[in-house]
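Labels run A, B and C following the written order; every chain starts at residue 1.
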Amino acid sequence: MKDNPYLPELARIVEIKEEVGGERAIKSFRTQFIRENGFSFQCGQCAMLSVFGRGESMISISSSPYTSDYHQFSIMKMGRVTTALHDMQENDIIGIRGPFGNAFPVDQWKGKNLIFIGGGIGLAPIWSVLHTALHEQEDYGDFTLIYGARTSGHLVFKDELEELRDKMTVYLSVDEEESGWEEFVGFVPQNVTEKKPSPENAIAVTCGPPIMIKYVIQALQDLEFDDSQIYTTIENKMKCGIGKCGRCNIGSHYVCKDGPVYSWAELKQLPQEY
Amino acid sequence: MIDLAALKKEAKQLLKDEKVTYLLGYRQGSNGHRAVPAFIREPEEVEQLTWDPTCTYNLTRYLIDEVRERNSSEEREDRPVGILVKGCDNRAINVLLQEKYLRKEDVHVIGISCEHAGMVDEKKLARELKNQPVMEIEFGEGDRFVVTTEEGKTTISAEKILADRCLECKASYPAGAEVIFGDKVKREFTRPYKGLQEIETLPAGERWAFWKAQFEKCIRCYACRSVCTMCYCDECVVDSIELAVTADTTAEEKARKVRWAERSPVTSENFTFHLTRAMHMAGRCVDCGECERACPVDIPLRLLYAKLARTADKMFDYEAGSDPDQPPLTSSFTMDDPGDFIR
Amino acid sequence: MENILTKQALPRWIEQLDAYQIYAPVREQEGWKYAIVDTPDSVTLDYPNTVLSLKSILFPQREVFLEFHSQNGRDLEVEELLPGDAQSVIFGVRPCDAKAISLMDKVFGGDYIDNYYWKRRNQTRLIGLACNEPVSPDCFCNAVDGAPYSTEGLDILMTDLGDRYFLESVTEKGEELLAVEDDLFQEAGKKDQKAVKDLRSGAEKKFERKIPELQNMPEILANLFDSDFWEQESMSCIRCGICTYLCPSCHCFDINDEVETAAPLKGVRVRTWDTCQFPDFTMHSSGHNPRSDRAARLRQRVSHKYRYFPEQYDAFLCTGCGRCIDKCPVGIDIVEVLNKAVDYEG
């Protein structure tokens, strides 16, 4: 970490991959720091990406700490800064501050079955923890991914998803009938109910649109998951990333610093204002 | 003198008969002698109603929130909101009616004439009393205020401690209100545009230096804009603090949004904000003076809007809010408007 | 160290401090502000409190973080711009403002050190002025674990004894400032100490505003989270930024890039004050806003000060200066809100 937590390190965009096109486009950016700076992170942490002249945006690091060639950020085109990012080309320079926030407690999950549940762009924040655990697959139990999006065109990491099937169970879904689609049709929470993952010695990690998270938690509770077995990563509007600007708080917690990773048991203790 | 008991009786009846959803009025504040805005819903609550020289708030500002609420609710409320207005406040209602922001049936107006007095300027009062704490201030007979301090009661002539906008007032009687308390009187001390005339005696260079010094003080708290009834835009042109973004606003729209003034409270940006707002007040500002009263760093904002008001008056014979049936100044023209570029 | 300085000798002391930039309260129209004073004679300590608090010097409303420029669109240079090296002394700091600074120290320290704040902070010495009585009817420092003669955050505390000042040094930095000409200060005697003691107990009694159940306030506020108490109390709020901008302990800020030229790219990244009271403070890019109504925002302001900050740091983020009460354009009164919260059943 730098001396000055507000000063970004410069990084070059080495690869841009289009994940989803259209209105809410999603691109994955792979970056390399221009100079050696000892940047190291844990899965679940985020970084503030700077587009100088436009501003900053807090994005989860979607690659795992085991990937040393680059850091990956999968970003949806949403507003001012993300649009500027989407307009960038390979070799352009951005700023990176971080890593910020807390990490998924993967060490505590050793020996357990891991169920990853994502919706849309929500797969990106949990992609890192999925691959971190997968890197030491023998230390954990069964791996399951339940992931869906509005249409098959809205699924992210499509190629990697197919590769994952060799290593773990992958259940995909789309919201509505689509020609050629042979897997589940319906919302992600419904797919969770259908696939009935067992709470026995299990941890569930979920991320997606707020409404999806709400119903996934519901579905998991109906399957008798304990609140401490359900993990999620939340977001809030952020500026400083270091718990000082006062913007992202939920009660006395700053999501940028004390979060964004929470178990449902922890999160429900906080004021429900997010 | 205003018959407060009669006013309370009127208010109580309105609420008892459920003729209004609630009444916007004034009540004693929690600290010191100043009144604060009151939202009175039950007839019993009418007892807290007060009318004194600290009832300076332009309650029509709360009609903006009420209109937004009515527009967004599924079943539109069919009863009006009751509201106490002074002459200046009443003009604000007229502007809202002219601009079709407010419908006549949404508001039940109870007018109170300022008669020979008006609202006290707290700073002038403090100076007059040499900073002695004030316990109470009431309307006295005619143009007198009665001020109570630890040393007892004393009367002060209104002209000494009236707010500047009251000394320049063009509308002390709320003509057109459903019910009016108090008489229409001729006020001897009135000098419209007095402050503006004084500053206009300065040469341009000095006026520029004056305003530069004023805008250097501005902290962009936006109290002037927030307190103004006329500033009801969902999204303000100079700053995106009221960003009307919905789930349907595209990324392109957000990305292309122009920031006309940076958030930084530097002189250049402060000029941009204030002069833009002033232009938007032409033909609309009723000189209720709330902006200047609210400003924590004492910027004489009324001078800006007075300049435009007087220009509107001279060029177009137009006084903001004097007639609810008049069209708004900047969205209408007549064939004898000055300037032949349009013919 | 406890010293006496006669009022006539004050300018001479200030003259000795020529290595420092001297800030003192100066009149600005109806109010007061801190400004750099060039002439020691012009320093007056006979004033209530400033409109803009001490934070406007140590945590200025606009702070440039860094500068960026790109010659040809490919290479990019970013340069950190820390505050200058000027050493300062600020006279006339009221204990409420000083205590607020020590609260801000917690915010800007901790796991991440804010260099911009700390460079200024470490280069500044605060000389306080005790209040012999409430300087405004809105003061309530002693209702929030404070006192009109508190030394928290100060390097020296001065007490006005009429014809002379009683000076007590609080820190080493304060002592350094007192290490000047021998005959400038006299050692304080028993008479002086008694005068100070009497003044202080007299001052305490003059503060009338109280907050019942202060130590239980975090719990009281937690229980009121979902109630319509906030809707009621926030009805007249017009969503300006006066309460938070004038507050000596409010620290929320925004960070924005300001572009001077787009091609070649040249600009700065700046921090500016921001406020939880502006509607878009918490608005996500998607349009989702966790605090979209004024009830939620009033709840946030009061809870941050009397529930969330205490949960983190065991202190209230409010020092009772009363500015928010005095300057709120519609008379919203945080002391009244807290009093009502205690009794609220709903």
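Here is the rule we go by: contacts are C-beta pairs under 8 Å (C-beta built on N, C-alpha and C of every residue); 3 or more make two chains touch, one makes a residue touch a chain.
As the structure is a computational prediction, the values presented were derived from the model and not from experiment.
A.B. asks: Find the chain most remote from subunit C, comparing centres computed as mean CA coordinates.
C.D. replies: A
A.B. asks: When I count C-beta pairs in contact, which pair ends up with more: A-B or B-C?
C.D. replies: Between the chain pairs A-B and B-C, B-C carries more contacts.
A.B. asks: Roughly how many whole angstrom separate the Cα centroids of subunit A and subunit C?
C.D. replies: 39
A.B. asks: Using mean CA coordinates as chain centres, what's the gap between subunit A and subunit B in Å?
C.D. replies: 50
A.B. asks: Find the geometric centre of each of subunit B and subunit C from their Cα atoms only, then give the gap between the two centres in Å, rounded to an integer.
C.D. replies: Chain centres of subunit B and subunit C, defined by C-alpha means, are spaced 31 Å apart.
A.B. asks: Please output the residue numbers of subunit A that touch at least 2 other chains, ranges allowed.
C.D. replies: 78-80, 82
A.B. asks: Two or more other chains touching the same residue: where does that happen in subunit C?
C.D. replies: 254, 256, 274, 283, 285-286, 288
A.B. asks: Two or more other chains touching the same residue: where does that happen in subunit B?
C.D. replies: Only 254 qualify.
A.B. asks: Note which residues of subunit C are touching subunit B in the complex, please.
C.D. replies: Counting only subunit C, the residues touching subunit B are 28-31, 51-52, 61-62, 137-138, 209, 235-236, 238-242, 245-246, 254, 256, 258, 270, 272-274, 278-280, 283, 285-288, 325, 327, 329-331, 333, 335-336.
A.B. asks: State the interface residues of subunit B toward subunit C in the complex, per the touch definition above.
C.D. replies: Contact set of subunit B toward subunit C: 29-32, 34-37, 39, 57, 61-62, 123, 133, 217, 219-223, 225-227, 240-243, 245-247, 249, 254, 262-266, 290, 293-294, 296-298.
A.B. asks: Mind listing the subunit B positions that touch subunit A in their complex?
C.D. replies: Touching subunit A from subunit B are residues 250-252, 254-255, 257.
A.B. asks: In their complex, what parts of subunit C are in touch with subunit A?
C.D. replies: 65-66, 68, 70, 74-76, 78, 80, 107-108, 110-116, 222, 225, 251-257, 259, 262, 265, 267, 269, 271, 274, 276, 281-286, 288, 290-291, 296, 300, 303-304, 307-309, 311-312
A.B. asks: So in the complex, the part of subunit A that touches subunit B is made up of which residues?
C.D. replies: Those residues of subunit A that touch subunit B are 23-24, 77-80, 82-84.
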